[in-house]
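Dumping the structure here so I can ask a few things about it.
As written, the chains take the letters A, B, C, D and E, and residue 1 is the first residue of each chain.
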Amino acid sequence: MLDILKLSIALTIVAIGSGLVVAFTYYNTGEEIQAQERRNQMEALEAVFPDGVEIKTRSGNNPLPSTYWVAQTDSGLAGYAFKQKSKGYAGDIQVIVGVAPSGEILGLNILSHKETPGLGDRVSEKPSKKYIWNVLAGTSEKTSPWFTEQFKDLSVFEEIKIDKSTEYHTCSDEKKGKLEKTNTITAITGATISTRAVKNCIRKNVPEYLNYLKSSGESS
Amino acid sequence: MFGKYSFRGGVHPSHNKDQTASRNIETFPAPERAIIPLSQHIGTPAKIAVKRGDTVKTGQVIGEAGGFVSAPVHASISGKVVSVGPFPHPLGRRVTSVEIENDGTNETVEFNPSDKPWREAAPQEIVQKISAAGIVGMGGASFPTHVKLSPPSNKPIDTVIINGAECEPYLTADHRFMLEKTEQILLGALIIKKVVGAAKLFIGIEENKPDAIEKITEQLNKEIFKEIIPAKLQTKYPQGGEKQLIAAITRRQVPSGGLPMDCGCIVQNVGTACAIWEAVSEGKPLYQRVVTVTGPAIRKPGNFLVRIGTPIKTLVEKCEIDYDAAQKVIMGGPMMGLAQSDLDAPIIKSSSGILAHSTLTAGTRDYDCISCGNCVKACPINLVPSFISKFVQKGLYEDAMAWNVLDCIECGSCAYACPAKINLVHYMKLGKFHAMAIRKSQEQK
Amino acid sequence: MIKEELKRGIIAENPILVLALGLCPALAVSTSLQNGLGMGCAATFVLICSNIIISLIKKWIPEKVRIPCYIVIIATFVTIVELTLKAYFPELNNQLGIFVPLIVVNCVILGRAEAFASKNNLGRSIIDGFVMGLGFTLALCILAIIREVLGSNKLWGLKVFPGFRPMTIFILAPGGFFTIAFVMAMINYFRQKKEGGQS
Amino acid sequence: MSSEQKLLHISTSPHVKHIETVPSIMLCVCLALIPAFAASVYLFRLKALVLTAVCVISCLATEWSIVRFLLKKPSTLGDFSALLTGILLAFNLPPDLPPWMAAVGSVFAIGVAKWAFGGLGHNFVNPALAGRAFLTASYAAPMTVFNVPDFWKARGWTISGLSEKIIRPVSDTLDGISGATPLPTFSGITEALHAESARLVDLQFHIIDFQEALPRLFFGNVGGCIGETSAAALILGAIFLWYKHIIGIRVPVLYIGTVFLLTWLFNGTGSFFTSEALLVPVYQILAGGLMLGALFMATDMVTSPVTPKGKMIFGVGCGILTFTIRKFGGYPEGVSYSILLMNLTVPLIDRYTRPKIYGKVKKNA
Amino acid sequence: MNIDFISLVQISIAAVFINNFVLSRFLGLCPFFGVSKKLSSAVGMGMAVIFVMTVASMITWIIFHYLLVPYEVDYLRTIVFILVIASLVQLVEMTLQKFSPVLYDALGIYLPLITTNCAIMGVAVLNAGKNDFTQEPYSFIESLVNGIMSGIGFTLALVLMAGIREKLELANIPRPLQGLPIAFVTAGLMAIAFLGFSGLNFFK
């Protein structure tokens, strides 16, 4: 009996000690973790809006999503942002898209995906000409994901066409202009399904949201 | 009237029988010196019955049966016993043998045939005669015939099969025998049927011997042979194997680890049938047999009636062996025969042929097994030789046993078919050897 | 003495490459050097801390509840690591995914606790935790460097060779297996060569 | 008497052997691939020639270097197995693949899939297929682009030109062929005929003009891997191998038969006996790599079961997997993965399909 | 309880084939390489893992959703799960020993190995997260199915591996590759073959 008591006491002490230590850590990091989450959300939103806007969270009712965001500048409404998802090659692709009331895409940000490495996962690839040797030599560059970048300034109200012959980051400026004029994006080589999934994220529902918002007269 | 029978598995090696198929059986002169091993059969070796210096007559008993599963051995020539001791044996070991020097008289003991016709004699009497004549299976297995003919009463025999398949390439001894001793063979067959009380009697011949089939069919028109059922067999190796023959003709299977009698069958070679007839009708003991001598390194091939104990060397030199060309001398057929290391070894009761090969037909280079499955297709027992041989190579004898290595009949079909030229039979034999040891030790426990 | 200990942890008894312990995280997170190093440091931290605590309280722990106590102690430090990563290195935390909580079942840590820390004094336990953790981290980094360079032509997220087309398979599951097989085969090859030379 | 002294050879029986050897088998398979090779050179011109040469040379070189420098054994090039692997690997590659990638695949096929396990006979997956799967996982994009054969390009066929010929746009729900459609197949004939369309998803069967498509598939006027386009040439080679007893009838027939049956049952037209419902499975067995896989890869001796029953299970298993991956899977073509996956099961299949040995029945009864 | 059948099928396919615990997620590698030398022991281990995984995923789900989440102590997840699993294995062992000696004989020797099998802990942690297909937390039934199917996936890989390794016993593996390295190469080739399942979806 005494033996069992001893065992239990030892275990209890260890457990209590552990609990205390963990609780202590949690109360020290908990706030930071929440702040981190908020920061992530803000960063994702800021990426789909132009600089210098004020972003507000709204909750919508049918047909709007339960949460969406509105960006305002001093001169008025800059745009909306919606979280959208669509079936990709190996699971859902989640994006956040910013659109102007006119339907012009302000920015697109891939939140999560499960696409194949080397193929579909290039939806969030950043083209880089920066080699480790350059870094060692001290040069640096700033890049943004090419695939999502090409959606900028396209219209959600028109069909977005897919050009399979080339990839955006290798295009000349002239070609880029042409693509934009024809409301076309370039596909990721070998990953048509992923390309299409991202496109569907935008085309699906977003035009209806905008129309609804317009008709409901919400402009401020 | 001939139905065509076959079995599953097997291979089709080239027959190579043309060199000797049309040559009559010649009587080979009695050798100057005969070496007669006391062990020419499966079972206990015979007990020596003569001593050095004795004079023996042809047909005299020089070794008495050493037990039930044993057979007596007779002198094949007349003359003086020069020595008794270990001599080379075609199966590879040195075995106690009796060396007799020919005195040239060919004085023969008086045979004592049955006192009454075989139809009236009691089966035991006939078996007694067969036993005394020292008859063993002449197809190669050399199992004492009288044992085969005395099945225990709980195993009734309903079918007798006379084996004239001769599926081994090159060999034509049985073929010639069937042509030249047709009647004796059939009479012998009738005796066997009577002794075991079987209802059916088949004679199976491969279809590549049309003349033998014709000859036998002719004889079967006779009233006394009416009950014999001829069976034309597909030409395929090992059609003449006991188990395959039973499967082909009766569609029965000998139980694993059992004997033909376990499925109510008895198989006897045509040579044995003839010997039985001679033993019963004339009382003649088995002291000579037909041997095919052939092969690329033999200039004058042929079929010979040879005295048991004649050294292989005498035989092949008479047939003008080309020593320069000869690489390998084999006793038996090319598929199951044994390569001889010493040509002083004598012809024994089960020697159906002597083959002198001029090439090393075994593979020139070993590849690893590519799992082609040819051996599985070829195996008449449905084993998987490729796996078993790998188990044996790695010393995993229990696994080999679990894959039924002990059921292998060593027919050589797998090794014949193997494109990697792996000597599968070697590994099967090795596996069987170790598996037997394992089984023995298990039984002791 | 430190030198010998280092040699033991990194080469002779390398947890991953020689003892084949802690394979799951080793293969799962070695897709990039950042992840590999992150996991290595996290595991080393847990290893050292648990070694310290266990060697300190080993006298008061009854034999029978030894293992549960060790597990609780290890799990405590894993949770600390988890929370810290979440708060200050969220990206790394996302990359390592469930392998952060799974440090708790990493056989290296429980193995060292049971085999070393519970039998040795504080100083030696710290050293053992350190060298073993170092060996674990180094092996992870080797695997990660090979996989990241071959699989995405990057190192620490930066491109390495101009014109080299990376073989994606190396950052997929099969590549992980092939890489560790290759590294282990190399080690075996040199060891066998050495042994062959001696005999 | 000197002749008597001569030493005779002894060995275990049998003393005669069949003339077939491992190299002769491998060489026969290589010969059987000649018609398909000729077809590929005819269709893809220089590209096919270069890719095949690169694969063969790098396979031979890898094999030679491994055997010579790492294992220090006599050369094994004489068994022709490396040659065969090279040809088969090349046949499984798209024509526009950069040759150096083909070389990488060859090194993997010979070095890892074959020699890591001890060489010919010890590998448990087909080296050529392993090489292809390695390349697909490594260089996914170039491995999944199938262009129109040069032969047709030279005659003015373009992707859209072909697609108009072969694909009959029947459904209004599809918004055009080249545009943005939710159905991947209509974006081009090469994709349609080789890749994604080989799955049943969208070719759902009322869309193809079979009269155009089938003869084309049969004689190889479609995009695809260089060796797989011409079913006729492949069948010709397979008949030769079957005649030489090198491949059995079980695996290919059951493999193709299973795919045929399943695609017929799930043909998507809603009926079973209309001409289209019957042409769908015909299309499915002719499209993609099924013929090459079923006739030459699934019948690979080393990596398929040795037992007769095992071969049947293997064939049916390959068929089911191919159908599943084509219809529901994420890859355009399921043949190589199906065979690879079934290769993994071969040891188990062999183990549990041991033939019933002679005489076992009676004993148990 | 609302059961989403499609989601269950998708979870099953993913757990067995697409995200096979061993060949894709790298979970449970120690037993995978340790117990795959003989087919018989592989089957035993596989059965034991399926059993424990199923029970563990049920219990940890209940504890997580009815204890940790309501009291907002989900950061204690790791500690609680590992303790639950360790005691569970003990309990299973004792129960089997008492009530089913046959099963105990078959699985007994593998049970102690399971405590530190990260596949069990892995499935518990995964079940506490979100379902890949619905982006919602796993329901009880879903986590149960996930547990069983992950166990089956583990067993499938283990049994295939054991079959192959038994065959490799007979092969001439180059010396430096003998032992673990060749097992890794084998696993790599298996993983390549399993890539064929990626993107498998019966409901597209």
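One rule holds in what follows: a residue touches a chain if its C-beta (ideal position, glycine included) is under 8 Å from a C-beta of that chain, and two chains touch if they have at least 3 such contacts.
A quick note: this is a predicted structure, and the numbers were derived from the prediction, not measured.
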Where subunit C and subunit E overlap in contact partners, by chain label: A, D
Comparison of A-D and A-E (more C-beta pairs in contact): A-D
Central subunit by CA centre of mass proxy: D
Farthest chain (mean CA position) relative to subunit B: A
Distance from the mean Cα position of subunit E to that of subunit B, given in whole angstrom: 61
Centroid spacing, where centroids are CA-atom means, of subunit D and subunit E in whole angstrom: 33
Centre-of-Cα separation between subunit B and subunit A, whole angstrom: 86
Computed distance of Cα centres, subunit C from subunit B, in Å: 70
Multi-partner residues of subunit C (each touching 2 or more other chains): 68, 72, 75-76, 79, 83, 168-169, 172, 174-175, 178
Multi-chain contact residues (two or more partners), subunit E: 75-76, 79, 172, 177, 182, 185, 188-189, 192, 194-195, 198-199, 204
Sequence positions of subunit B contacting 2 or more other chains: 368
Every chain pair meeting the contact rule: A-C, A-D, A-E, B-D, B-E, C-D, C-E, D-E
Touching residues on subunit D, where the partner in the complex is subunit C: 101, 104, 112, 134, 137-140
Subunit E - residues contacting subunit C, complex: 23-30, 33, 75-79, 81-83, 86-87, 116-118, 121-122, 125-126, 129, 175-185, 187-189, 191-192, 194-195
Interface residues, subunit C side, partner subunit D - complex: 165, 167-170, 172, 174-175, 178
Interface residues, subunit A side, partner subunit C - complex: 3, 6-7, 10-11, 14-15, 17-18, 21-22, 25-26, 29-30, 32-33, 36, 40, 117-119, 128-132, 135
Residue ranges of subunit B in contact with subunit D within the complex: 11, 13-14, 169, 243, 247, 252-258, 262-263, 313, 323-324, 326-330, 332, 334-341, 343, 355, 357, 360-363, 367-374, 376-377, 380-384, 386-387, 403-404, 407, 410, 412-413, 415-421, 423, 425-426, 429
